[in-house]
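Below are the structure tokens for one structure; questions will follow.
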Amino acid sequence: MNFLRATFAVIAKDLAGELRSRELLSAMFVFALLVILIFNFALELDVKTRNTVTAGVLWVTFTFAGSLGLNRSLAIEKDRGCMDGLLLAPVDRSAIYFGKMFGNLVFMLLVEAIVLPIYSLLYNTDLFQIGFLGVVFLGSLGYVAVGTLLATMTVQTRTRDVLLPILLFPLTIPVLIASVKASMGFLQGLEIEAIRPWLNLLIVYDTVFIAVAFMVFDFVVEE
Amino acid sequence: MQPKPKLLTYLDVFTVILFLLSVAMVFFYAPMEAVMGNVQRVFYFHVAVGWVGMLSFLAAAIAGILYLRSKERKWDLFAVAAVEIGIVFTFLNIVTGSIWARPIWNTWWTWDPRLTTATIMELIYFAYLMLRQGIEDPERRARFGAVYVILGFISVPLTFFSARLFRTIHPVVIGTNQPGAEGQFDMTPKMVQTFLFSLFTFTFVFIDLMWHRLRLGRLADQVEQLKLKLSL
Amino acid sequence: MIVVRKLVKRFGLKSVLRGLDFTVQSGEFVAILGPNGAGKTTFLRILATLSKPSLGEVSIAGFALPAQAAAVRRRLGVVTHLPLLYGDLTAEENLRFYGRLYGLTALNQRIAEVLKLVGLYERRADLVRTFSRGMQQRLAIGRAVLHDPEVILFDEPHTGLDQDACSMLDNVLRQVAARGRTVVMTSHDLMRVSELASRFDVLSNGVIVASAQRAQLAPDQLLAFYRQAVQQNNPLNPSLEGEPQKEGNDLP
């Protein structure tokens, strides 16, 4: 009970602060749009290529915007020493981890919820399929699970924001590949049999990394 | 300053002898492969250095776990030593692979799952070294390093698996043959002997290098300690 | 209330605390004085459960650290030189968030009480970002006493405050101490401390080298007492002479 209460308190605090300043969400959102715009010119997103690259473009956009959000979300905890404040409270360390992680997940899903309709409108692509949205959720979950843990480490280093993508991207390659492939499968209307291996991989990754992050988070925050 | 242990000197000599024998076996004992010719000989070292790379990263991950459990500094030294050796040998693995791939696949590089995985693995461990550089407090550096080296090692098999779901053209010499692979060959007994011997040799190369690197780490620590004493 | 025996803290090869012994009775107000790099912040972070001892025993209110850290945290309020507050939340929201983490009941009433105590009740709906350094520090004290802790730790609470802000802070500190709480405070400001604390301990080179009750020491003797304690422990190091300087974070 205590655990859940603390987790929700952290999520609610992050959402309340963000809804007021909107610094993080607006930065992630504008950045995401810019990435899509750049892809538009770089790849000549005509009807033909769009079919094959939509999933890739979207996931690159989400991961880039996501790393921006992760950095910011943990920098807030570091700047006025708030992370110490959280650690001083008589709550389980993993409650802090899950609070921050779900907060970050909500931010990422919010940005995705705005970017997807816009993309769908701009490029006349139907993105609203249950399967695809499920993949977006699973992929984002795995990404923020590792990202929250790593961002907690990187805000405590000298090179901070530069370091996060360097640490995060190579570790999340499996999520990225699986998400892109599964998304593409759903968008191209493939048989579920062809997509299942990718979905399984996503679920395995999410499970393994949430479990590991849960186990090692203590070591990342405690001296 | 502790003198170099006798056993280490013996190990150095033994490893060098093994290595020379191994080279001799590759060039004079193992028969020439019928289709690919001499370039196939790179295979013996290619697999052996890859093996050392994996062994190093496994050792680093185990050292990471042991560090988090005991907080003993020696496990941190062990993990860095293993990662450094692993990076070098994985790089050698990629280079020897390229040398072989040029005539056989007609390209230095292809986005095959094994190649992709090896590259991403290199990047993960480079990132590990960069993470360490960004932290001044040695205790925190060790702690974060341990966490990252564990995460990295868990991610590698998943990366491999995800890349493998794409079709591979890399030959699988040991275990089941894959229909799509190019450059497949069956080993004659002499080839098997040469192959196993080079694996054996490189395992000793690994142990020898690890020992030297750990010793270096300990000496560096002693220098630090002496500096601290002087500054007080 | 606080018992520390043979405490050692190492960062890598460097020992910051070297076998420190320290005892505080319930209701005491102890000021820990010491030169830069003596290990004051490190010591307080260990008492605050934010850092783990390398060797030695630490117990607070009968609970051992780090094994029973959760029980200690419930009984502990901490103020550092950072406010530990969220700039994008109001004063009230900040306290409510921390109150939830501590699982407090009748939270609204308690928040109002604490805000009045630190003199910020009128500003309760303002964003912490808009607060001055002194106001943030007072709110930080409010945050630390929100759950009515038995032991309060202050790490250099006066850092970066002007005279007015300091005296307002002192008022709050006195009120907190007057409630019979056990207080441990590190400081470099001998003058301020001399009016607040009931006992002075000098931390130098990772150990407590001297301790004196306020009753035994006239206000003008404090500086001499401090100098003597530090110098005796470092006869060869002239850089440690004189008053301790303003200091930031001791941590490497």
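We call the chains A, B and C, going by the order they appear; numbering starts again at 1 in every chain.
As a convention for this text, a residue touches a chain if its C-beta (ideal position, glycine included) is under 8 Å from a C-beta of that chain, and two chains touch if they have at least 3 such contacts.
Given the structure is predicted, the values throughout are model-derived calculations rather than measurements.
Taking the mean of each chain's C-alpha atoms as its centre, the chain lying closest to the overall protein C-alpha centroid is A. Here A-B and B-C are compared, and the pair linked by more C-beta contacts is A-B. Distance from the chain A centre to the chain C centre is 38 Å, each centre being the mean of its Cα atoms. In whole angstrom, the spacing between the mean C-alpha positions of chain A and chain B is 32. Chain B and chain C have centres, each the mean of its CA atoms, that are 50 Å apart.
Residues of chain C found to touch two or more other chains are absent. The multi-chain contact residues of chain B, meaning those touching 2 or more other chains, are 136, 139. Residue positions of chain A touching 2 or more other chains: 223. Residue ranges on chain C touching chain B, taken from their complex, read 10-14, 251-252. For chain A in complex with chain B, the touching residues are 146, 149-150, 153-154, 156-160, 163, 166-167, 170-174, 177-178, 181, 197-198, 201, 204-205, 208-209, 212, 216, 219-220, 223. By the touch rule above, chain C contacts chain A in their complex via residues 45, 48-52, 70-71, 73-74, 76, 78, 80, 82-89, 93, 97-98, 100-103, 127, 143.
The part of chain A that touches chain C in the complex is made up of residues 2, 5-6, 9-10, 12-13, 16-18, 20-21, 23, 76, 79-82, 84-91, 222-223.
Residue ranges of chain B in contact with chain A, taken from their complex: 68, 120, 123-124, 127, 130-131, 133-136, 139-140, 143-144, 146-148, 150-152, 154-155, 158-159, 161-163, 165.
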